[in-house]
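Below is one structure, written out as structure tokens; the observations come after it.
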């Protein structure tokens, strides 16, 4: 398949079941909601070393937030519920409870309820106050700038992690420009996050390494400088490859995000140095979710 | 199906225990069976049809017409359906109600919503003492649900309250929120003396500055983030509490009762 | 003429039993250890011994039969007063059970202040002999004690000897709320009781602050109801420093609404002190004229104190709806039986309902009841039992004379049998 | 009227009859010998297939006195759960944890009980105890008067008065209070609490008097024996409920030096400190000591799961226990330089480790003590459970598989800490009859009660044999009290008043000299008004006095 001169590989991205949750951070203004959200979702690019994958889903209008203030919706993904709950609690405690004027709310109704502020309340040293409003329990924790308001729990749901596509371009600036365009469009899609810095990752990996202690290492087949040294997957004109990884609440959400992302890349087309779109997989053996690029773009 | 309607024929002198006439007890009952139910009235047991004329069939929608202040225990342990009271209700209205809705067009007596667990109770008129309280000897009053009173309430509203909301559009008598353990009582009108007496936890949300006792300490003026959420939850009621202009988030906070746990709060609108 | 010694009094509530009484026919004269409360009630003359129906003297059986008729066809009879001895209460409760009556002690609205506090959180209490021998610090809350129990101080606070106080006359007394009306609380060495005065109706506020201070919680105010916080702090410190502190109040003297919460705050404060490794006890003084007796007997017979109805065939306690005054004002009652064997001035509340009075000889009525059966007074006209105001000790009342008056129990049992 | 009970299977351990088919004749309230052939039988009950025992006797049940009425007043919510309506023959009231007096009588009778003994009669509160008990229909009653924390006795000990003086005081107190035995509760501890001592071990001195519990136990046990009271000193020991109190109990047994002593509600005094929770069963050691020391009798004070209220004279321990109050309300009192009381509602939960193990400890005790004549079936009503749970308790004792089924449902850690599952013993009907009838009558010294031989009062219970012992014992076919049929099919059909059982040990009248002086100086009542007169018990026709013989006294 070729779109606007860009070859869509007949391959697929392979993704895994994950557990996900969403939280809403509000603050006096968008700036402080965003600062808190960024901190909470920082250092959360890959479950391999961060314990979770997290990202900002979108900015929320005051009319969309529980307390009528500007807010940011964040999502966290992890391989299991236990790890997810731990990450959520640790990050909320360190990055939201601490952040001026912030408040923290559930982003998912239903699901399995996992602690959001339920245990953070103990920071209140007995001065904390519970409030049940419309069936939801909130905790009011006294802090130095006033009160930290947090919902007691949020929902945990089954989700999908590891959707991805690769952008193969003739130059590094062209690859980056294309990926940026993709991310801009993908951020408009609900229920997904792109957990890497700025949503773009340049260090795609393969399973295994020559070093026994490492489980993954650089994806040499897509490293342009190794074209002559390894079993490369790159044609000679490709000088730079970047990847966008997507975690979403469902396969359909990731489908949508991939489609708008790839489309944005293709809109730049061959004229802007974009050669190919490919994807990472493990031969279909490891993950039950397969995103066939050509089907998505059909 | 039309609402099952009990129209009081004449007012007995003695109080009537209405607890058998509640939706879940009448479910599936034929009108003739209902008519033959005996109600305790003073020493007597009186057949329903001796006191009331009956019409309608829908046992999940009960209307009591010509009601007056000696009909006690209306809606006792109501667990589904709705009851509308046209007129006044006696003591222990909605005693231990678990779900559903009760609406009273008139005034209600002592201990309305006593030990209420959930559901919605709306009173157009005034409520007597011990609204949402616990029976003598019991330690736990209202545990959930919402009470809306458009008129005034008597003394000790929310005594031993544990959870839920009591919304009062009018005034509250003395000792409003006494011995509260948690929950919220909001009073748009005036409050009497000894607000929150011996309260352990819980919130009294007041539109007007009360005469506070010395065992409550001023914690200053604050903007509290939970208030907009609380007010948003009132939007669904047919009440002045639902009006956008009613909402505020700026309050002066008083903590007490220091004689007790001291973790309760009186929030006064500023 | 005979003299009877060691006579216990059913009137003062204190169980004073050192009176000497001279009996001359049916005339009594207190010749030793009388007081303003007891003496007139012992010495009151017997003025009528005949029962009356509609104001006309009739035979006892006629009056009983008439009473039975009035009670039988009722929809909600009320038995009020309930001022009698143990046997009187036994008969009263048997009758009430039979006719489905509401039973209400006339002073229950005051006593309720204690009962509701007890039923909610309990208390740590003591009794008069412990006060006499152990109490080194007495706090009197909201009561002018000597007006209620004239000989309280003489008998329990300033005796010559106390088992565990080397110098009983050095006990310290503080009044909170009320100021003593006389000198009974003044120590033999002339030391006056300290008084922290406020309006009695302000006591809820004051005792709440006192409890907060006992618990070491912050109080920001500088005074409460005219009492300096510093004075209350000193009081809190004294309560905690006492070897055997006693806090006393009289439920009936806290005559404002919801005073149970004041009693509860005091009682919880006493528990707080005991949890801080000090000893302190409450001494909740309740009523007289059989109030405690009514509540005790009703307690073991029904499980509830004496504001309980039997209309459904089993006892149901309701401290508000079973109030005689409420039942009369609300037209819920349709007959009133008033039982008052101690005090001829304690007449039934005004009512248009059929009224039967089983009362102490000498009662005069603004409106003659349908039936009046004069009865003897327990402890004068017949033996019996009555409870002291500290609620633990039952005293054995003596028969001092024979004026031909039946006991309350005899009358009420006769009515029950006539039904 | 001559009544014949024909063909029932009789269990009468007092006469050594263990399940023998036997006819019983009743006349004028008593059991009589088989009459001559020509005497007409007025009423004949065919009891084929039925089990016949004498009326059961609860030798330790809190049915009278101030603490009971405090418990009642404290718990309106409990009464509301169990209202009891009047009938044409019975009075209304309330049931469950601390039933009203009338209901107490009915419910005991409906389980086949015909007597109950109040074990904690404060001398100053004895009048109330008798008045309450006088309002308990059907049952006979009696009381053990409480001594040991009264200042008068402690003053005597400090003043080194001789045993004779103490004997006179004890005998005088028994007579003044119209009692049939003497109890001591936390010996000296109630008194020590008034001096702000929060615990008192067996050999710990009262801070004011310098007297130890061991001293008090010894002089009182000696007094009870020497004045000839049948019932040995009834002891509620030190450290009730305290983990490790097993050792205190063993020391108490040793320390009494062979004198007769009854250790009451021993379950609450049989705790070790082993295991993760530092709480373990001492039942085996206690049972071994009881088996070895023939001077010792015990009752168990079994706990059973559910809501109840604990009412005790031991205000020192009750104050310490108040943090377990459920619901959270409680009362303690210091009383008249005489004693005290503490009332704490309790909810025993099978999923609470301590409660579950307490349950197992009680049952272990029942099953490990060999001699049924020296152990008695009690729940220490209402402290361990209301008396209405006796049929359930009997089933636990008689039915191992049922017992093990219940055991399997309790807190798992408690299951690990008890040997109950391995104990195979099942009580026989004869042993139940000993524990609840013959043994109790023998212990208390009741003549003419607790047995079915001619001459005895006709207190008789008839059950239908049923493998489900709970059902069998909760609903007797017939109960006769003093020959009157009072219960049919587990329901009261007629009522009467029982008698008050007492003893009247002799004392030197000069004992009143010191007492009068003490009363006048320190107490709030005159000595003359303190003593309960016979007519106080009998005057209104509700009760009568039955005086039982003294031991070793003609």
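Each chain gets a letter, A, B, C and D, in the order it is written, and its residues are counted from 1.
Definition applied: contacts are C-beta pairs under 8 Å (C-beta built on N, C-alpha and C of every residue); 3 or more make two chains touch, one makes a residue touch a chain.
Keep in mind that what you see is a predicted model, and the values were worked out from it rather than measured.
Q: Taking contacts as defined above, which has more of them, B-C or C-D?
A: Here the pair linked by more C-beta pairs in contact is C-D.
Q: Can you work out the whole-Å distance between the CA centroids of chain B and chain C?
A: Once rounded, the distance between the two centres reads 35 Å.
Q: What is the distance, in whole Å, between the centres of chain C and chain D, each centre taken as the mean of its C-alpha atoms?
A: Here the centre of chain D sits 33 Å away from the centre of chain C.
Q: Rounded to the nearest whole Å, what is the centre-to-centre distance of chain A and chain B, using the mean of the C-alpha atoms as each centre?
A: Taking the mean C-alpha position of each chain, the two centres sit 48 Å apart.
Q: Indicate the residues of chain C shared as contacts by at least two other chains.
A: In chain C, 119-120, 312, 317 touch at least two other chains.
Q: Which parts of chain D, given as residue numbers and ranges, touch two or more other chains?
A: Counting only residues that touch two or more other chains, chain D contributes 74-76, 328-329.
Q: Can you give me every chain pair that touches, using the contact definition above?
A: All touching pairs, sorted by chain label, are A-B, B-C, B-D, C-D.
Q: Can you check the complex and tell me which residues of chain B touch chain D?
A: Of all residues in chain B, those touching chain D are 135-139.
Q: Mind listing the chain B positions that touch chain A in their complex?
A: Touch residues, chain B against chain A: 144, 163-164, 182, 184, 201, 203, 222-226, 228-230, 232-233, 263, 265.
Q: Which stretch or stretches of chain B touch chain C in the complex?
A: 13-15, 40-44, 70, 91, 110, 129, 136-137, 139, 155-156, 174-175, 178-179, 193-194, 197-198, 213-215, 217-218, 257-260, 262
Q: Going by the contact rule at the top, pick out the chain C residues touching chain D in the complex.
A: Residues in contact with chain D: 6, 8, 15, 17-18, 86-87, 90, 94, 97-98, 115, 118-130, 132-134, 155-156, 159-164, 243-244, 271, 274, 277-279, 281, 295-297, 299-305, 310, 312-317, 383, 385, 391-396, 409.
Q: For the complex, give me every residue of chain A touching chain B.
A: Of all residues in chain A, those touching chain B are 66-69, 103, 126-127, 129-134, 138, 140, 146-147, 149.
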